[in-house]
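Per-chain numbering from 1; labels A, B, C and D assigned in written order.
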Amino acid sequence: MIYFDSDYLEGCHPKIIEEITKSNMNQYHGYGDDYYTNEAKLLIKNKIKNEKSDIHFLVGGTQTNFIVIKSALKAYEAVVSADSGHIATHETGAVESTGHKVITVNNNDGKIDIDECEKVFKDHFDDDKKEHTPKPKMIYISHPTESGSLYTKKELEKLRQIADKYDAYLFLDGARLGYGLASDENDINLCDLATLTDVFYIGGTKCGAMMGEAVVIQNDNLKYEFRYHIKQNGALLAKGRFLGVQFYTLFNGDLYTRICENAIDLSKKIRSAFEQKGFKTLNSPTNQQFIFLDEKTIEKLSDEFSFETWQKMEDKTLVRFCTSWATKEENVNRLIERIKQL
Amino acid sequence: MIYFDSDYLEGCHPKIIEEITKSNMNQYHGYGDDYYTNEAKLLIKNKIKNEKSDIHFLVGGTQTNFIVIKSALKAYEAVVSADSGHIATHETGAVESTGHKVITVNNNDGKIDIDECEKVFKDHFDDDKKEHTPKPKMIYISHPTESGSLYTKKELEKLRQIADKYDAYLFLDGARLGYGLASDENDINLCDLATLTDVFYIGGTKCGAMMGEAVVIQNDNLKYEFRYHIKQNGALLAKGRFLGVQFYTLFNGDLYTRICENAIDLSKKIRSAFEQKGFKTLNSPTNQQFIFLDEKTIEKLSDEFSFETWQKMEDKTLVRFCTSWATKEENVNRLIERIKQL
Amino acid sequence: MIYFDSDYLEGCHPKIIEEITKSNMNQYHGYGDDYYTNEAKLLIKNKIKNEKSDIHFLVGGTQTNFIVIKSALKAYEAVVSADSGHIATHETGAVESTGHKVITVNNNDGKIDIDECEKVFKDHFDDDKKEHTPKPKMIYISHPTESGSLYTKKELEKLRQIADKYDAYLFLDGARLGYGLASDENDINLCDLATLTDVFYIGGTKCGAMMGEAVVIQNDNLKYEFRYHIKQNGALLAKGRFLGVQFYTLFNGDLYTRICENAIDLSKKIRSAFEQKGFKTLNSPTNQQFIFLDEKTIEKLSDEFSFETWQKMEDKTLVRFCTSWATKEENVNRLIERIKQL
Amino acid sequence: MIYFDSDYLEGCHPKIIEEITKSNMNQYHGYGDDYYTNEAKLLIKNKIKNEKSDIHFLVGGTQTNFIVIKSALKAYEAVVSADSGHIATHETGAVESTGHKVITVNNNDGKIDIDECEKVFKDHFDDDKKEHTPKPKMIYISHPTESGSLYTKKELEKLRQIADKYDAYLFLDGARLGYGLASDENDINLCDLATLTDVFYIGGTKCGAMMGEAVVIQNDNLKYEFRYHIKQNGALLAKGRFLGVQFYTLFNGDLYTRICENAIDLSKKIRSAFEQKGFKTLNSPTNQQFIFLDEKTIEKLSDEFSFETWQKMEDKTLVRFCTSWATKEENVNRLIERIKQL
C-alpha cells in the first residue's frame, strides 16, 4: 500500500539522523542550553534577518499554539480565528482549556475573512458593555492554511493593520510553512513574517523533522519570561539538544525549503494527472491536493493507495492526496499510471 | 571538562538510533497508531505481566505529571506529595496551572512521610465543613525519589492501603525508574508497580531515550478517554513512532534495566572513593550521590569536573554527582584518581 | 425618565424586605444551613413534585452557568449552545475560562436549532479521530430564550432524546423562568423541567429577588459533591440565609409566578400599541418586546423613555422594551399614549 | 441557645434595611452604574483620602480573593501566604483553581513570618533555573488575621519594602477589617492601607452587611480592565445597587467602625471573665477570643451556649468565642454569669 494520507508518514530527513549520530555521546547542558540549540537559533535569526527576535524550540503544533496563545492573553482576552483554523477544529479545545475563547469567523478557501475579522474587533470596542464579552486581542492564521491555501503579502499586511489599529497580536501558525515557502505561488518570505507578525512558528514535524516547531517572537510583550510558560506547560525538554540538532540541520544551508520543493513538484503532478482525466480539483498551491471523486473511483484506487476523505457530499467525495519532503517519485508515477487507466 | 551534573547530558542509547535509521523511510500512521508503538506496548505489558493495563507514550516528565493528575482529578480535588516531590518543587506550578492544589507533607530522605500523608486524608474526611477545603484524592510519589532514595515494597503497600481506605489514587513518577530497578537495594519490580499503583510511568528521558515517558494505567477510571487528555495538552505527537521506537528498543530484551546498572556501579564507586577519603555522604542507593564538601575541595575538583551544588550549609556544601547509562568508566576513574589526591 | 431597558431596574419584591426585616436579628448557621434555606428547598421540591432533586441557591446567572457547566464536564468535554445563548455571547467567556469550549449552532428566534444540535453529536461520534476534537457532553438552552421566545414541551422532549442518545446532559438556564411560566403561550411547567432536564435553574434576580438563582439538579452525577464547586467558585455565601429568605418568600404560595404575570400583561399592551400604530414587531410571548423603529421615532420617544437598541439595520433599528414584575401600569399607559401620538 | 460561633450569625445592620426599603422601587441602571454604588465609592475614597484608587464591590471573600489574585498574576506567577492564610486553608483551593500556586510560609500567631516571606523571593531570584519554579509575585495577608491578630504599621511597611524590592504586589484581605479598625491595639488606618498596599478590601459580610466586599485598588496595573474579571468570574451583580446601598450606609458617617466597636468591647469582657476564673487565653485584640478549656467545662457551657472548637490538644481544647457588631450585651452578660459559676 502506498500512502498519501498525510505529510507525517515517514520518519525524518536522513541528514538529521547523521547529525544526531555524530554528536550523540557529547555531553551538553539540558533544557535548551546546548551547542545545537544555540547554533540553530543563530541560523534562523540569520534567515529572518532579525537579530532581536526570540527563538524557542517546542515539540508539537497543538502545544505551540496553546502555549503562545495562553502566554499572550489575559484571562478575559480571546483569539480570533477562521472557523477552519486548526485551533478551532482539531486541537480538542486546547486553547479553551487554557481559559480563552476562540472567536471564529468565516473562511475563504481556508483563509480568515478579513472584513469579518475586523468587524469582531470593531463590534467589541463599539460596545457600551464591552466587559460583558471577551476582548479580542489576537488574530490567529495558518500559512499555508489547513486546506493548503496561501495568504498573499497584501493580505498579511491588511491583517497587520487591523492588529495595529486594535492593539492586537498577529500570530501565524507555520506548521507547514516549508511547503508555503517552496510554492511558486507564495510571495511571503521568512523576513516578511518577522516583520509582519508578532509571533510565528516554523513547523518542523511536517517538514522533515522527527518533531519540533521553532517559535519566533518579535513583540517584546510576548518575549517576556516565555521560558516559564514553556516549562509550566511541559514543553521544555531535558534533552533540548534533540530539538536543536534538527533545526540546526534543516537551517544549515537551505535544506528546509529545498526538501519541501519535492512535495510541491509531486503534488502538482498528481493534481495535473487528475485534471487531465477530467476530475475537478481545488487547485491548491502547496502539498495538499483536493480532488472530487466518485465512490467507484475511490474504491478502485484504494486497492493500492491510501488517501484521506476530506468531505462527503451528495454525489461526490472530496479526497485529499498529501505529499511531503519524503514522497518518492516512483510512488507518484505509479499513482499517475493508475489515474490514466481510470 | 567532565560532567556529572545530571543524567541527561548525553544523547540516547545507540541501539535506538540504529532502529530509527532502519525504519526511517517506512510509512506509518500518525498519532501513535504505528508498528513500533503497538509492539512497545506489548513488550511492556509482558514485562509488567498485566494485559489489562493501558499504556501511552508521552514526551516529558512535567507533561506526564500534569496530564495524569489533571485527567484523574475533579476540579476541587487535590494531590498529596512530599514537599520535596518534583510536582511541588520544579515544575513551575504545572499542577496548579491545571487547577489543582498540591498538598505537601514532610519528606524523610525524599520519601513522603506516610503518617502525615494519612493524616491529610483523615483530617479532611473528619472535617464538618469539608467542602471548604480541597479534597485529597491522589497520592504522588517518585521512585527513585528526587534525592535518589527508594521506597520499600512494604512502604508502597502501606500507601496502597491508605489510597484504598480513602478511595484515592496512588500515582508513581518513575522518571528515573530504570536506576531504581537496577539498584541492589531495590525490592520493587515492574509487576509490583502494576499491582500496587493506579498509574505509574517508566521514564525514558533519563534512562537511555532521547525523550519519552511510558504511562501505565491500571485503574479503569483513569483509563477512560485518556487520549483526549493527551491531545488537548499537546502531548500527542504526529509522528508518535519516534516515542514507540525508543520504548520498543529499550524493552526488547532487558536493555532498559541493563544499561542503568552501569550508572549504579559507577555511582557506588564515586561514593566509595569519597568515603575512603573521609568525606561524609548521604549513601544513596541509585545513580545520584550526595557528598558534603568544603569550598576548597569543590574549587579543586571544579577545574576538571562539573557537578551540581545541592544545598549550601554553614561550613559545608552538599554537592551531587550524577551518573547515567552513558557515563564512561574512564571518566569515573579519572575522578577517583583526583579524589585520592585530595 | 421612565426606563424599559431591562427587567432588573427596580429593587426586590416588598414581601422579601418584610421577611428579611422580621428575621434579621435571628441567629442562623452560615453557608446555607439555616431555617430559610431549608424551608425554601422544601417549597421548591414541592412545586416540582420531586423529592430527590438537589437544590442549591447561587448568586447570579453567569456564576450559575459556569459552575454548573464546569462541575458537569471533564476537561475535554464541551457544551453545545445556540449562537445566541447567554453563555456564548454575554458572559465574557466565563465557560471558556473554566476550560471548556462552547460549541455554537444556529438559533431560530433565539432557540437552538435542534437538527444542527444533534449533528454536532453525530459528527463527533462518527469521527475516527474523535479525540482530536472536544467531546460534546451537554446541551445548554435558555427558557425563555435571550430574545424572549419559548421552547415547546415537544421541543424539550426532542432535546431530551438527543441527550439520552448521546449520553449527554440537558441544562436549562431559567434566568427569566418566571416570565416563561407566566406566559399564556408556555406549555412547560416546573414539573416538566424536573422530568426533562438533568439540571435547570429558577431565576430570582430578574423575577422579583435582589439576587439569587435556584439550581435544581436531577442527575445524580451532577449532584455529587456540588457544594465543593459552589465554595471553590466563590458562590457560597457566609450569610446564605439571604438567598434562602428570598426564595422562601417567592415560593411560599405562588408569588413567583403571580408577580411575573404583571410583566406579561404590560408587555402585551406595549406590543399591541406599537402594532396598532403600524410598527412591525417580533411578537414575543414573554416580557421583552422587540419593535422595528425608525430613527425619528426613537428620538421622539427618547425624551421621556429609555429602552435598549437591540440591533441596527440599514433603515430601521430593532429596539427592546422590557417589562418586569415591578413595572408600573401608569408608566406603560403613559408610553401607550405617546405611541398613539406618533 | 446563644451562639458565639462566628461573626455572621445575624442578618445586617437595620440602617441598611431602611435604606433598601426607601429606595426599593427607584429605577437604577444595572451592573454597578447606579446612584448608591457611585456614592459609596466617593464616600470610601474620602475615607481613604485617595481620589485615584479604583473601587469595586464584590459579593464574598473567597470570590474577592481569587478574582484579585487571578487578575494580578500571569500564568506562572504565585502568591505567598502564611500557612494559616484563608486562601491556603478554607477556600477549597480557589486560587489554585485559577491556575496559581499559593506558596506558604510559617505564621506567627496568624501573621506571615516576614523573614521567611522575603526568603521565598530571594531564593527564587537567586536560582539559576528560576523558570523551573513558580515566580512569587504577590504577598497575601489578612488584617485582622484568621486568628484575630493584627499587623503593626511597622510590619506592614516591612512587607511593602519586600514587595517593592522584588517588584511584587501586596494584597490585604480585610474580611474582618472593621474589627481591626475598632481595636485599641490597632495602629493602621484606612489611609495607611491605601498607601501601603497595592490592593486591599473592606469586608462587609462580617461587619454589618448582608454580603459584599469593597475592593480598593491603588496599583494601576491591577486597575486595568478589572471589570472584565469581575464579569467573567460571576461577581458582577445585575442589581449592583444592593452592594452599593450597603456600603453607602456603612460609610455614610462612621457606622462601619462604630458598630464594630461593640464586638471588641464584648469580646474583651468575655476574655476577661475567663481569665479571672483562671483559664488560659490567647489574648486576641479583636472580636475572636481563643480560650483553653477542659472537656468538662465545654460540656457545661454547651447546654446554653454554642461556640467553635478551634484545635483539640492532648488535655485541653482551644475554643473560639466570636462576637460581632450584632452581639447583644445581655447574652454576653449571661455567659459571664455562667463563667463565674464554673
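Simple rule for what comes next: contacts are C-beta pairs under 8 Å (C-beta built on N, C-alpha and C of every residue); 3 or more make two chains touch, one makes a residue touch a chain.
Since this is a predicted model, take the numbers as computed values, not measurements.
The pair with more inter-chain C-beta contacts, choosing from A-B and B-C, is A-B. Using the average of C-alpha coordinates as each chain's centre, D ends up farthest from chain A. In this assembly, the C-alpha centroid of chain A lies 33 Å from the C-alpha centroid of chain B. Between chain B and chain D the centroid-to-centroid distance comes to 42 Å (mean Cα coordinates, whole Å).
Chain B and chain C have centres, each the mean of its CA atoms, that are 50 Å apart.
Within chain B, contacts with two or more other chains are made by residues 75-76, 91-93, 97, 99, 129, 131-132, 134, 228, 231-232, 236. Across the interface of their complex, chain A is touched by residues 75-76, 78, 89-93, 96-102, 129, 131-134 of chain C.
On the chain A side of its complex with chain B, the touching residues are 2-3, 5-6, 8-12, 14, 17, 20-21, 23-30, 59-64, 66-67, 91-94, 97, 205-206, 210-211, 228, 231-239, 241-242, 326. Listed in rising order, the residues of chain B touching chain C in the complex are 31, 70-71, 74-76, 99, 129, 131-132, 134-135, 225, 227-232, 236.
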